[in-house]
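These notes concern the structure reproduced below.
Letters A, B, C, D, E and F mark the chains in the order given here, with residues in each chain numbered from 1 onward.
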Amino acid sequence: MNAENPQNVQGSVMVVGSGIAGMQTALDLADSGFYVYLVEKSPSIGGVMAQLDKTFPTNDCAM
Amino acid sequence: MSGEFKPKIIAFACNWCAYSAADLAGVSRFQYPPNLRIIRVMCSGRINPNFILKGFQNGADGVLVAG
Amino acid sequence: MVLLFVEKPIERRITVYIYFLEGKMIMAEVAIKLEGKSKRSFLDDIKEIVPAGNLSLCLTCGLCSSGCPATGLFDMDPRKFLRMLVLGMDEEVMKSDWPWTCTMCQRCVYVCPMKIDIPQLVFNVRAARPRDQRPKGIRGSCDAAVNSESCSAMGTPVEDFIFVVNDVLEEYRAAQPEFADMVAPIDKVGAEFFVNQNSREPMTEPDEMVPLWKILHLAGVDWTYSSKAWAAENYCLFLADNENWETLVRRKAAQADALGVKTYLNTE
Amino acid sequence: MQLTKQQIDYCMECGVCTGSCPISQERPGFSPRQMIKRTLVEPDGNILQSDDVWACLSCSRCSDRCPVGIDFPEFIRSYRQKAKVLANLPKESHHGIFQTITTIQSGTLHQNRTAWTAGAGTIKEKGEYFYFVGCAPFHNPVFKYLDLNVIDIPKNILKILNALGIEPVISNDERCCGHDSYWGGNEELFAKLARKNVETIVASGAKTVIFGCPEGYATFKEHYPAIVGDLPFEIRHISEFLVEKLPASEITLKKSVNGTVTFHDPCRLGRRMGMYEQPRQLINMVPDTVFKEMDNNRQNAVCCGTTAWMECSSCSKTMQTKRLMEAKQIGAQTIITACPKCQIHLTCAKSNTDIDVEVKDLYAYLAEQL
Amino acid sequence: MKIKFTVQDPCQIVRKSFGDAIAEDFRYAIKQAIGEENLLEMSPNKSNNYCCGGGGGFLQSGFKDQRLEYGRIKDEQIKASGATYCIAGCHNCHAQIHELSHHFGGHYNVVHFWTILALSLGILGPNERVYLGDDLKDVNVFHPETAI
Amino acid sequence: MDKCIACGECAEKCPKKVTDTFNAGLAKRKAIYVEYPQAVPLKYAIDAPNCIYLKNGKCGFCAKVCPAQAIDFEQKEKTVRLQVGSVILAPGFSAFDPQKLDTYQYSQYQNVITSLEMERILSATGPYHGHLVRPSDKKEPSKIAWLQCIGSRDINRCDHGYCSSVCCMYAVKEAVIAKEHSPVALDTAIFYMDMRTYGKEFESYYQRAKDEKGVRFIRTRVHTIVENRETKDLSLRYVDENGKALEETFDLVVLSVGMETSKELAAFAGRLEIELNADNFAKTDCFSPVKTSRDGIYVCGAFQEPKDIPYSVMEASAAACWAEADLATSRGTLTKTKTFPVEKNITDEEARIGVFVCNCGTNIGGIVNVPAVAEMARTLPGVTYVEENLFTCSQDSQDKIKDIILKKGLNRVVVAACTPRTHEALFQETLRDAGLNKYLFEMANIRNQCSWVHSKEKDEATAKAKDLVRMAVARTRLITSLGQPTISVEPSALVIGGGIAGMTSALGLADQGYAVHLVEKQERLGGIALGLLNTWKGDNVPEKLAEMTKRVTTHSLINVYTGATVKASTGFIGNFETTLSVKGSDRLLKHGAVIVATGAQEHVPQEYLYGQNNRVLTHLELDRAISSDDPRLPAADAVAFIQCVGSRESKRPYCSKVCCTHSIKSAVRFKKINPEAQVFVIYRDIRTYGQRELLYREAREKGVIFIRYDLERKPEVKNDGDRLAITVKDHILGRDIEIHADLLILAAAIVPRDNEVLAQMFKLSCNSDNFFNEAHAKLRPVEFATAGIFLAGMAHYPKPIEESIAQAAAAASRAAVTLSKDRITVEGVVSYVKEFMCRGCGECERACPFNAISVQETDKAMLAAVVKEALCKGCGMCAVACPTGAASVHHFDDREVLTMVETAFEY
């Protein structure tokens, strides 16, 4: 990042973690014109939410 | 005709849940009888009663709406 | 294989409270009145004594009471006990006999999420009762120990102890030739181990002392009793009589030092 | 090839048909005269590709007035069969559920169409009278959303018949009368149904078949003989039957509490069967009835807007709204219908306008006063 | 030997002082004496063991009813373990558990750790067997003639 | 990885079984695996530490059986250097490991499980396929207990003083779901300290669980679990609130484990040089809740503080918003857009369908007789080309399909292969590359829904595959090109409400370069925060608010309208037109998005002598008294707080969320000013979730006394001469306590403003408590169901400043997704209405869940329904509701669906 010289600002963001938060932030950034590197240590994305059965308070399926 | 009754079943499946559940059944290699035909719709709200009756009219023994 | 427990005297600052006590506490439907500035209470003192065990941290979660075998005795439990202290109901707590049912087993503090040292509070509450109103049994044992050269809660005189030990030893040496050279030395200077003895055995069940002797003998341990301050028990601790408790500990330690033993072997 | 009952080449191009056609008034470009004329020029021409072939209500207002007696509805019906072959299909209302139900009924379907009689009255399995109920048991669930219990119509008829001491046969094996498939250009299906129905009625031993629904009555009377020959039983419409039986019975009717009422002639009962007066007589049997005619009554009555569950459109709605307004304008509080479909269509239109006219079935009007 | 033992962890030396490590040492010694297969654990045990109710001066405080009530859990635990002997490593435990067995009709015996150690070493004389049950009274008796 | 087709042959053959961490250790998986069948990406991975080949160079079965040659043992860890403008940390949390709690014997007793294991047991994809059984003997339990606060709110056994925020709610949920799963009348009991159901709709869920589902809630904690050696049942001893000791036996005990930051993560934070707080969570402050101590690095989710899904999602978007603002000048510099050839018009062409049947290696071809299927396809009307592929999805097949479309003049394509859910987009792109409209494509699912599920019945599977292909072809004959209309976007937003949330949203958008119209009803910006003193972390609210207000009013892209209300609004996403009434005169604005941030207000209590005795104050009045140096405050010797005044009662069943923290913060303040003062908090449940728990602890440490009351017996307040007398029953002693207080502070509820007006204007919905309803409680917490309209702050639900700010920044980020585009492309699968057929009855309007269809007056003064394609999601509810057939859906009209019914069974 270079606040003084806006020309040098990189239009890309690294997102560490691909749980529900990581995915949402990556989507927002990519959808509004930024290149995103989504970094995840396990072989698939989704985080803990994928392990959950249902979510409160709506009892929606977490998958 | 073999003695066993094998009902013909038509299923209307919501793209977002039931259809993906049927895909998942495949991924998990669950086995079920091969007499089911799945028709994908974008929402189970798309199914009107006539779709179901048409299924029967066309020889189905059962119609499943899943969504 | 022998269990070792080395007792270390711990410095504690003790505040003594004098309260007048009459009869038992009655749990009446009388409102607890809390107003204005609180007078000095356990609450304040505890903060100074054991900051880590700050009782006002209590979440009233019930873990202590769920695990305490004394829950329900005298219609009390650790949580209620703590709660009364939090609310400044010191006098009522003092009247209750519940603190005397606590064995200081520490199951409560073992799990307390706030690590509140309830046994320590119990000790303080016990200590706050006028000495003459503490349970007679314990007080008697403490007094007896303090007044006895043996430090024995049963007041066993030194001579009696020496006699019993020697008598039993001789009897066994004679009857069981394999142990003819078994010893039960008293006041042996420079022995490896200083072994103390609960007064109950020499007084009432002398034969029960023998297995330990035999084991020590077989193990080839160099040990000794002391003729003075040999008693293992210390009821003054339970009486929350710190002064006398300390006195007894010091006397036992002094005796051990006097005999020049290396290790104090506590059988208690 | 028999094209129509009366050859369309008699047409004098006078335009009475188009002038009297309620569809022509609302649907741009729809003209019976034009259709006939174009067909004369090119018999298998663009009429077969056009939506217009499905728009006709077969209300018979045109044919009723045609100076040369051309049966325009019959002309259109025959062309519908051809259009279907060319995959020119009608826009079926309610997603075609009624067409499907009809088709299913032509097979070996086990129906339960008498459940509604429980608590409503007494019926028999065999007997002199056969009450041909019609589609009401199927209409009922579909039109719940209009707060309409279509099943009340047969219930009321059964109640009146029972009051007259008649315990009719009502059969689970009854099929659709085939009216809609006939007018929808599906003669094959129609023939299947006709045969099944006649078989069922004959099996019941009935001598007289009573119809509540004008469509069933007209269909049996006009079109069944072509399929099954002369019917081995008598055909009666409930209104003529009651006009005959009620006065002779011991039944006394209570006073009307419906204010001013008017009557909407069903096309099948009126123009096609000529039964104009019997319903009016029935209405007037109720003491204190204040009856007023709408401007368009009897032969001039305007159709309720939809036929054979197809082509319901903004045009239908306009017709229905106009009809309700007509009733309103003469000061009627209640418009009495004698056909379940008229009642459904007018109720539907009413539900999304603010015209304050009650739509009531004739037999409910009678049964209320029993 | 088919007699089953359980062990009472003394609060003082386990939970309050040396934790599970000393409890394990204690068990090692006991298993040597009685055979591993004969040790039945109470649960909970070791650092989370229930106090017997004999400590803290309770034995001398005079509140006998309360003390026995306190010990009810211990009594139930011993019974639930299925053992007929409870090995105590502490005087107070010994006294309290002895009383509990009697009071609640548990018919289990309580023995000092070193009594059982001596027994296993074959050096336990007849007079030292006050707390042994009938089944062990005559086991390995050392110099039976010394009985009084 | 690109080569893997996820056929699963490798895992089938892999000889090494490994504990399945995804199933919380309840099951086994292979050393080559996908985490779970729905995993994205759906590619098999080698668990290197467990792979036999990688350890001793032998085995390699997987590589031998892989039909796609996708296995490469030579892959090595690589270090990649990335040049990025910003970093967002969303690494999540670790679940507390309860092994060290010897009183619960988690590792020894099989039927003592963690809540995460319970989730897997309940899950249909879990180790028992959603069948509720216990691990020891796979028997269905009839009694389950949940123990709360395992690894939370404990400074003795785990050094986690904080509250993990989510466990209460998930335990309630698990109990409810378990009851639903159980074939028997399952007895469920939750042992807890404070039931922290503070979120939106949480309290009513809790009440329903208690009253309707019969979940037992027992306010105490269990000291020890004892296992029955034979039955493996678990006995719990606990003492109830009256002090009565009870013992109960359960079949299964669930430990509600809390969240923590793993050591590795803490070390990672150290390498990044961002500061962590004492509990190892990323340090942030209330006014910049997603900003770490290092510029340009943001944090979201449970790494910041334990939190639930919606708040994690909010923070995620908030972090995106601030990163976007930092990088606004380089927006779009690194992203690329693909271009496609001009689409061919096929309207008047006969159907020329190409059918591609995939073998999917042996996945399909091994079971289904693919040549027979292809042969049958050739006979179908409209089909002009048929081909079999080994892998239809491979890149070379795509090139070939493109080629054939052009060469053979195909105008529709059917692929018989796996599932459209994963592969439709790929083939559609191929069609677009070949100049065909993407909707001229259809898939027949002959793998997931045929060969895989009928692997033992090859003939039937072949017959079914034929049917599926015939159905697909029949449908394909009817499908047509669909337009994907684009709509222009007005790159500005209307923000309604000038409180903290509204201002945050406005700044979030303006800092990214979008014009903002900020509307505030009052004359002054600031909203309810104008009355607040400090946040619970100690930030000075008036100072921060002044700073924020100054930035807003001086920002060149923000137009502030004070004393203004929204009068009317029309339009849809990208194109709204709104009339404001500004100090009596109207002003018309055009904007592309709306953010509703109208806030909430403090309830006026009707009890506890409020309004009758001036010693009784609400929270806001207390803060005002403090800032105006009210002399009564330092003089007060005894102060009492009463919680839940107007909240959690039948009339207002929700929890107001912020009051516990505010009361405790104020209580601490009283104690700080005058340590001798007696301060009482009379509460129902203390809900200091997350790190607010530390504040609760501080209050207790300082001697604040907490007394719990039940709704059935609320405290009584009387005048007592100059003071107040408050009587409340102590929850532990069961005796009345009489408090003589100089001041009584009421934790008055947070109540919604009059949201009805805006709800009607923008067709938004409110919940039963009258707070606005978000589109989805979990995944879309800052948007309305209506596209282009977003929600932030207390208009959504009571919440503290940091959450309002996060949600407001999130709303800005979500709005920016729309505003950043010149035009928005709408999906082609949308509804349409044949105007002539429409009766204007409005059944469609009533049925539509998205407000995308409405009845309007036509040119001919008739009523007819009109579809707003921008809002339509193509669900077809309107088509079903329509009685005449006027409304229908492109791509799924009645005929397109029914033709499949008609062709389903022809064998």
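Here, contacts are C-beta pairs under 8 Å (C-beta built on N, C-alpha and C of every residue); 3 or more make two chains touch, one makes a residue touch a chain.
Computed from a predicted structure; not experimentally measured.
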Handout entry: chain B to chain E, fewest steps along touching chains
Key = 2
Handout entry: Where chain A and chain C overlap in contact partners, by chain label
Key = F
Fill in the blank from the handout: Contacts shared by chain B with chain D include exactly F
Practice task
Select the chain at the greatest separation from chain E, using centres from the mean of Cα atoms.
Solution key: D
Problem - By number of C-beta contact pairs, the top two chains - result: A-F
Fill in the blank from the handout: Min distance from chain CA centroid to global CA centroid: chain F
Fill in the blank from the handout: Note: chain D sits from chain A at a C-alpha centroid distance in Å of 63
Handout entry: Length of the line joining the C-alpha centres of chain B and chain C, rounded to whole Å
Key = 77
Exercise for the section: Compute the distance, rounded to whole Å, between the mean C-alpha positions of chain A and chain F. Expected result: 13
Handout entry: Whole-Å gap separating chain A and chain E, where each centre is the average of the chain's CA atoms
Key = 61
Completion exercise
Contacts with two or more other chains occur in chain A at residues none
Handout entry: Residues within chain F bordering two or more other chains
Key = 38, 42, 103, 125, 224, 880, 894
Fill in the blank from the handout: Residues in chain C with touches to at least two other chains are numbered 72, 107, 110
Completion exercise
In contact, pair by pair, are chains A-F, B-D, B-F, C-E, C-F, D-F, E-F
Handout entry: Contact footprint of chain F on chain B as seen in their complex
Key = 8, 10, 15, 19-20, 22-35, 37-43, 45-48, 50-51, 54-55, 58-60
Practice task
Provide the residue numbers of chain F that touch chain B in the complex, in ascending order.
Solution key: 6, 8, 37-38, 42, 125, 419-422, 445, 447-450, 452-457, 460-461, 463-464, 467-468, 471, 829, 847, 873-877, 879-880, 889, 892, 894, 897-898, 900-902, 904-905
Problem - Of chain F, residues touching chain E in the complex - result: 102-103, 105, 224, 226-227
Handout entry: Residues of chain E touching chain C in the complex
Key = 11-13, 15-17, 22, 25-26, 28-29, 32, 47-48, 50-63, 66-67, 69-74, 89-91, 95, 112-115, 117-118, 121, 123-125, 127-128, 130, 142-143, 145-146
Handout entry: Contact set on chain B toward chain D in their complex
Key = 48-51, 53-54, 56-57
